[in-house]
Amino acid sequence: MANEHLNAGLKTSRIEALSDGIFAVAMTFLIISFDILLSPKKGISEKGLIVALQALWPDLLHYVEGFIILGAFWMEHHYQFHFIQRTDSTLLFINIIGLMFIVLIPFSTCVAGDYSDTRVAAWLLETNLLIAGLVFYLHWLYATAGRRLVAPNLDHRIIVFYAHRNLIVPLVSVAALIVSWFQVRWGPVLYLMVPFILIFYTITRTLHRTPSDSATPGGG
Amino acid sequence: MANEHLNAGLKTSRIEALSDGIFAVAMTFLIISFDILLSPKKGISEKGLIVALQALWPDLLHYVEGFIILGAFWMEHHYQFHFIQRTDSTLLFINIIGLMFIVLIPFSTCVAGDYSDTRVAAWLLETNLLIAGLVFYLHWLYATAGRRLVAPNLDHRIIVFYAHRNLIVPLVSVAALIVSWFQVRWGPVLYLMVPFILIFYTITRTLHRTPSDSATPGGG
Amino acid sequence: MANEHLNAGLKTSRIEALSDGIFAVAMTFLIISFDILLSPKKGISEKGLIVALQALWPDLLHYVEGFIILGAFWMEHHYQFHFIQRTDSTLLFINIIGLMFIVLIPFSTCVAGDYSDTRVAAWLLETNLLIAGLVFYLHWLYATAGRRLVAPNLDHRIIVFYAHRNLIVPLVSVAALIVSWFQVRWGPVLYLMVPFILIFYTITRTLHRTPSDSATPGGG
Amino acid sequence: MANEHLNAGLKTSRIEALSDGIFAVAMTFLIISFDILLSPKKGISEKGLIVALQALWPDLLHYVEGFIILGAFWMEHHYQFHFIQRTDSTLLFINIIGLMFIVLIPFSTCVAGDYSDTRVAAWLLETNLLIAGLVFYLHWLYATAGRRLVAPNLDHRIIVFYAHRNLIVPLVSVAALIVSWFQVRWGPVLYLMVPFILIFYTITRTLHRTPSDSATPGGG
């Protein structure tokens, strides 16, 4: 009974399925912030409904923000498993810890939306995202260290490129934590920049590259 | 490190899994509109329960409508990925934006059901569906423009056929927005026609076709 | 552009994924019936908690019943797609209608649990299961008629065997509707027999068979 | 019509998908314990919010515990299906019964968190985990007895190894039930040791092994 039968060589499809399921439910749970859902006031007038819906603007903004943040995490997760070819116990464990903080995002987004003028609510969300980002950064480091779970000839530049990309959310989180100290409402807004930073970073890094002999990912 | 390693050539299975998960949860969330679920009144008499269930009729109608609309969106999504063979960052981003409006459908269906006599509630639902429909129309245009992410020899008529099909929900939404202005209760009802329009459109377009040399989709 | 490119030949993996997702969420939603979840009374004494948990007995019984019913539906769905090799628009539509009634099961189970002494609550659950069962019976008939979506040489006895199996839930529902008229509490209990009927039916039908030249299902 | 067409030889992908979906939803449902989600008190002061968040500490601890327990169950499930190559009716039935107790975990974790000073709440959680663990232990025994559903030449030591691993949660549960009798707050805490026991057990069992002629799992 070789070690690899017990701890390594597991296919990646199930951890991808569990993660996709958790991301899907967490993204759908973001609508919980719309309190109106849980307590419909029947018999309200049209004017009253317009007022009630206008009061949902901050909730809608936080919904959009939460969705984009979860979407960005999902995309990084997707990219990581594009290159990760097999899993082991440790990787599964890191992944589950990361998902534990992903599931908290609808909760902390909801708190940050309902108490948008308090510093502690902003910090709760930003700390949540900082930790989640760091866990998935660690996830990539573990998988690629010594090319443990990726193709043995994977281009080193790809490893570095995605390591840096996975640091974007933690770095934005540190910035947001500082900004929230001075301007509580501006901290969470910083995350709306994440997709643009991702695109900008990707474009600038790939602009003057030429096709190289890098390893093609193994169908992962 | 070639561009295609960073931004393109991703398999489609994960975005399909995420989307299927979100559609599944959103469809199940539609039962939230049945308020009785959240506040059971124990000790109610049989007559009282019948009255309470009768009061659920509008909720049931909106549940059926929401399910059919989400089902129609899912089917278009399914058809699109029947032909889309790989994804890139932009397609994933468009998809996530589209899913963001899909997740809102249980919410706006619930509001439209609880306030079925107010114009603003009908418009909320119709605008939601209009935007979701346009995003997935854009999704198909992006994937097929220059046959970017589909088979290089995909029949042009298939591209046009599905582009038109994806315009059906947006066009019905525009009609519903206008109808709601005059008859608030009739706007949302228009969507019940969507499956029949889809079937009618498909039958009329394929009636006098003959098998051609169109590309067979690559198992997508 | 041949017809089969538009309406047929779709892979079955996505409708299986959507269905698995909906079954998974519906099965998890069954815990909604435990009202204690939604309104924890902190500061309750140990004796008070025991009383509160004892009051959950009927909810627990209905939870078990709902889970077994949903599990039985899922198994029939699984068996059907073991033989169904491709889908078309009509099958997807039948499936979505069936799922619409599957999603209602946690709702009607919850009502039947909370109002277990009223006939209308029992009938609600039983009618729900009757319709869901009939839709999936129709689903199998459609897929196998003229071997439309199954292997062209699929053994006729397999088609009949599963057609009969898919009639078990509707038949039990008719019996339960009648029983509920006389003894309201016994109707829903009948469904606990479904797994045993399924096992009994399967054993008796396969006991004196010998391996035949039936078609092996195509990996479906 | 051979027996194996009716009862055996089903692919494992769908029961894996259903299980992954249920695990994903159950893990996400753990946030239900954060009562603040369901009843946001707008207009609260920053100090009041800090107090409210501090009151969530026990909930957070139980959330982490619930997530780790569900994660451990999922990993054992994953390992089992790494070796199980096909399913039959009985295995599906055992699996569904097991999932029935998995779905209860967010409920009993929530109760154990809200009533952390009552013995009955601790016992509820521990009994839940004991039964879930025993069902999945039985699941493995059934699949491997006579190598019924695994590779015919699967190494006997692998069968024993995972049988023992699947006994860890039940054994910890028995210990926790006893500990809760004397020290109610310490029983549930024992489960935080599960990941470490799993790692310790795996390391000690595989330390002085050499690669052997054990069967490679068939891609399962």
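Every chain is named by a letter (A, B, C and D) in the order it is written, and numbering of its residues begins at 1.
Basically, a contact is a pair of C-beta atoms (placed from the backbone, for glycine too) under 8 Å apart; a residue touches a chain by one contact, two chains touch by 3 or more.
Remember, predicted model here, so these are calculated numbers, not experimental data.
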| item | value |
| --- | --- |
| Centroid comparison with chain B (C-alpha atoms), farthest chain | D |
| Fitted rotation between chain A and its twin chain B in degrees, CA, nearest 5 | 90 |
| Type of chain A:chain D copy interface by residue overlap (half), same or different | different |
| Centroid distance [mean C-alpha coordinates] between chain D and chain C, Å | 25 |
| Mean-CA-position distance for chain D and chain B (Å) | 35 |
| Multi-chain contact sites of chain B, meaning residues that touch two or more partners | 17, 20-21, 24-25, 38 |
| Chain B-touching residues of chain A, taken from the complex the two chains share | 16-17, 20-21, 23-25, 27-28, 30-31, 34, 36-38, 40, 42, 44-46, 49-50, 53, 64, 67-68, 71, 74-75, 78-79, 81-82, 155, 157-158, 161, 195, 198-199, 202, 205-206, 209-212, 214, 216-217, 219 |
| Contact footprint of chain B on chain C as seen in their complex | 1-3, 5-7, 10-11, 14-15, 17-18, 20-22, 24-26, 29, 32, 35, 38, 89, 92-93, 96, 99-100, 103-104, 106-107, 110-111, 114-115, 118-121, 124 |
